[in-house]
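Next up: the structures, one after another.
Two complexes, one shared chain (chain A), two partners (chain B, chain C).
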Partner chain A sequence: MRPFLVLICPVLLLLGLSYLLPFLGIMRLSFTDPVPGLAQYRTVAEDPLILSVIWRTLRICAIVTAVSVAAAYVVTLLWVRGRPLTRSIVELCIMIPFWISVLSRAFGWLSFLSNRGLLNTWLKDAGLIETSLQMTRNEFAIIVGMSHYLIPFAVFPLATAMRNLDERTLIAAEGMGASRLRIFWQVFLPMTASGILGATLLVFVFSVGFFVTPALLGGGQSVMVAELIYLWIFQTPKWGLAAAMSVILMLGVGSILVLLMRRYGRIAQ
Partner chain B sequence: MTGTAQIEACSIDRKFGTFSALSGVSLSLGEGEFLSLLGPSGSGKSTFLSIIGGYDAPTSGKLLFEGRDITATPAKERGFGMVFQGYALFPHLTVAENIAFPLKVQKRPRAAIRDRVAEMVEMTGLSGHEKKKPAALSGGQQQRVALARALAYEPRVLLLDEPFSALDRNLRTQMQEELRRLHRDLGTTFVFVTHDQEEALALSSRIAIFNHGQLQQIGRPEEIYEAPANRFTAEFLGDINILTLDSAGGGICGTPIVLPGNAVPTGGHLAMRPEHMRLAAGSDGNQLPVRLRDRVYLGPKSRLMLETRGGEELMLYVENDALLPQLAAGSELHVAWDARHSFFL
Partner chain C sequence: MTMLRPGRLATLITGLVALFLLMPLIAVVPVSFTSRRYLSLPDGNWSLRHYRALFEDPAWLDSFLTSVKVGTAASLIAVVLATAFCCGLWMLRPRFRGLMTGFVLLPMVTPPVVSSLTLYFFLTRLTQWNGIIAYDTLGGVILAHVVMIVPYAVVVVMVSLSQLDRRIDLAAQSMGAGVATRLFGVILPNIRFGLIGAFFLCFLLSWDEIGVTLFVTSVNTVTLPRQMWMGLRDNVDPAIAALSVVLIAVVTLVVIARALIQHRKSRRGT
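Entry: the complex of A and B
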């Protein structure tokens, strides 16, 4: 055995014990509890309520991913290519959220968006609205909360792509008479495509498994897959169903990753 | 120089803070010339090219194009072609799309673009590679795409920033040939930055030598090589032997020397190219006693490292077939040269 394999062994062992083994347990559970066979999977595939949760999850995650990546693109542009002062301010705004727990952030949004929260109060004081707008306990709140959490994660792949871009291609394009708009759409944006892809993957994969933010900001009204699994484990004893759902989630995310990396792996390099 | 000046630089200065990248550079360039800007790195040659192209602005001084002041004109309005160091190709576009880019910017008709791209592909020998991305091309091919893209819109002036620095020696020679051919066929003015003296000598109609941000000398390759204006130019371009003249009598270490132009100098330096010197046989011309310090075998010839009695080093090349094998370090020899090939520095 090569020496580096020996050195890497403890990590493999830890991962095997803490991730692989429990996952195999979940797999087993999904085929055995409460009845052996594929019954749990059939329920997931047929129950309209479960399907609607899956559909909602995919929809919210797609929107959140689009919003986060688009917003992160602008933020990263300011961070990488802005003036020094802009850069420092943006950098702070990216870093600070990392030090605040996901729970505090969800509560923050709750107090900002709720019926008697800051935003509604301001809007009323300004005379823009008569009665409070319903901005929590719905998908809007979930999307706001999740996007806010995920934007910084999208920033880093984008920043790498923007920093690696050969400045001279932009100078060359400008020298050939291209307008700023054309340079952005036809040179800058396609040249940072690898970063956009990376950010999209990262954010989507993170968002599919989100639990705290949707649970708090959705207020039980807009249940997503992770919350459903939680309910099945802790509130109603449907462990087999929860296990089946977990396996599907895992395989779904895994196959999206593999497919996209196959398709766009060349660009990412 | 052909006709009147196309480009004229008038005492161009460029300062970066307190650092002076260019100071007082003036030169004029005729249409259809091939000018090389030659100098060591940091000599200001690339900065000067950027200023001609409009990618950088001089701190003071003026730049004229066909008599018009273009000092403040941005690059895109000058319409010069530019081949960047590292090529700056668009990696996400194919060869054909790269070449078509400036034409699309100019909003030329689709059919005209297609024809022009085909023409450029043909001219630069890229046939069969139109649909490839730059990453799938060799260095030489990428270089050709950069040339084709810069020449696609028929610029009056083509600027090239060390275009061959990333290529290996054989490819370099080949690309130099192609560049000469393109220049001959198109009649476009070429301004070419390089730090390779041989490249500059082989390609240019004129060479401008830069050092420390100053223009040292500008002239035809043979003028610069055979009559360098100063010690820097003499030493930068090719090999040179520089010997200190005795303060009285015009000899070297007491040996009387025939000087060029029958001059009678007191002190100073006398310079000559190694290829104009030979090992003295008998009593011909100027002769100087030297001692052989080392001999470097180079295949067809050998380089002899010599030392005068005054301890000054000089070198010369000898054909290996004529070389006496008994030449060993420490041998006492005489070198000779024709006075017409020597000059004062």
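Entry: the complex of A and C
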């Protein structure tokens, strides 16, 4: 079994030592620091400030997921079923933002939405507003920035579902005299439901652990769970709370992923 | 069939979404030419000072070099580890393959902030033992990046292995080739494009990595995203606009070039 040792073991060893082991260490911290027992988890579940951050995170993530999946659905529709030229243009509009760094994108939104930014300048020049609208450092900016980041991720599972659709069902519906709207609502949409579910879970999982975009566009005003963990490590050291929150986050995301795999496993069978 | 193309409403919504997707990329362009020190639009005075700052300020240059070093080292290590792992699974077919693969993919599905905290915890503990692979060192960042990008390398290498014909390997085996010959003479040459693809994907991911880097570095090891973060956090530095314009231009050119090449290929194909 020497090839096994040389080929397969190194990566398992690396991840075991530098990822699994420290994660177990963090789990231990969540039960020991500063008070042994479940005190840290109790604080997370009872402290109104922490609860408001969790609630805000869930609310923002739900809105972002709904916006991203809905927007991505329409875009994917044109990407998969549009005319060749439309397809190429849509593909560029998805791929270019997808490959650009999350920092540049957040900065782009700051440039567009900030007090001296493009949008406020346009609105002032047009005489629509007198003083600048406050569009950064709030939940609105976070939702805009996160949706922008996540739309391309929602496109991919939707595109797979739309490409796998049996074209003949649409032709059959058309042949039997169904209207365009009816074909969409009663045939196309239900048949791509698995893609919608996949995109929804994927985007939600991604959005819950999001750190950079909320921290930059929220400007410290609308703190979300990931930023709270960061603050608990680097500003007011509370390792136990940060660890407990991480374990909770991990469990939540893990259970969604199990759900996703079960669902897709069943479809594959 | 023409009837089943998307209608006008869908086209209109897609247009709006496309505008939304491109808007921040457009908005940075005027800001990068401002003559002021803060985020603002140029009012008559267009200036190249922020572009000049990118080349003249040693902080930007150093962080660029750090990112290149970290990206190259982390990607090489990740691709070698991932290739060994995938080829090992493919040739030896050991038990618990699914479990092992799932374990290796873990950093990809874990929320980034949990990975960051884990690696920060790990590297601060290591700092007590050595100064090479430790918190806020080049070695530490490289290790953290390897952990984060190795799952992606595994996915790419696995996909290219799944397209490899097992009979080629069986033929080599029946003619008495050992594991090393099979690996270096048969399998690796056949998946070389997958390996190159894995390397580029890894480099890009490391190049853009900010979540973990933010946790495991402070002032001594500053990658390009980390430098951008520092300029974004306190008062917004328009040099970031200039840098973003450069990065956006590069990405746009590459994506369009790729689309054109694919377009030409598919045309030749039909």
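Methods note: the second predicted complex is superposed on the first by the 242 of 269 C-alpha atoms of A that agree within 3 Å, B and C clash if a C-alpha of one lies under 4 Å from a C-alpha of the other, contacts with A are read in each partner's own complex, and residues count from 1 in each chain.
Keep this in mind: a contact is a pair of C-beta atoms (placed from the backbone, for glycine too) under 8 Å apart; a residue touches a chain by one contact, two chains touch by 3 or more.
If you're wondering where the values come from, they're calculated on a predicted model, not measured in any experiment.
In the superposed model, A:V187 makes contact with chain B only, not with chain C. By the touch criterion defined above, A:D166 reaches chain B but does not reach chain C. The larger set of touched chain A residues comes from C, when the choice is between chain B and chain C. Legend: residue contacts after superposition of the two complexes on their common chain; A:W55 is shown touching neither chain B nor chain C.
Legend: residue contacts after superposition of the two complexes on their common chain; A:I100 is shown touching chain C, with no touch to chain B.
Contact with both chain B and chain C is seen for A:E174 once the two complexes are overlaid on the shared chain.
Look at A:R83: by the touch rule set out above, it reaches chain C but stays clear of chain B.
Residues common to the contacts of chain A with chain B and with chain C across the two structures: 171, 174. Across the interface of their complex, chain B is touched by residues 166, 168-169, 171-178, 182, 186-187, 190-191, 193 of chain A.
Across the complex, chain C meets chain A through its residues 1, 3-7, 10-11, 13-14, 17-18, 20-28, 30-31, 38-41, 81-82, 84-85, 87-89, 91-92, 94, 100, 103-104, 106-107, 109-122, 125, 143, 146-147, 150, 154, 179, 204, 207-208, 210-211, 214-215, 225, 228-229, 232-233, 236, 240-241, 243-244, 247-248, 251-252, 254-256, 259, 263.
Residues 3-4, 6-8, 10-12, 14-15, 18-23, 25-26, 29, 71, 74-75, 77-78, 81-83, 86, 88-97, 99-112, 114, 116-118, 121, 148, 151-152, 170-171, 174, 180, 183, 205, 208-212, 216, 225-226, 229-230, 233, 242-243, 246, 249-250, 253, 257 of chain A are the ones that touch chain C when the two sit in their complex.
Across the interface of their complex, chain A is touched by residues 53-55, 75-77, 79-80, 82, 84-86, 88-92, 101-102, 105-106, 149, 153 of chain B.
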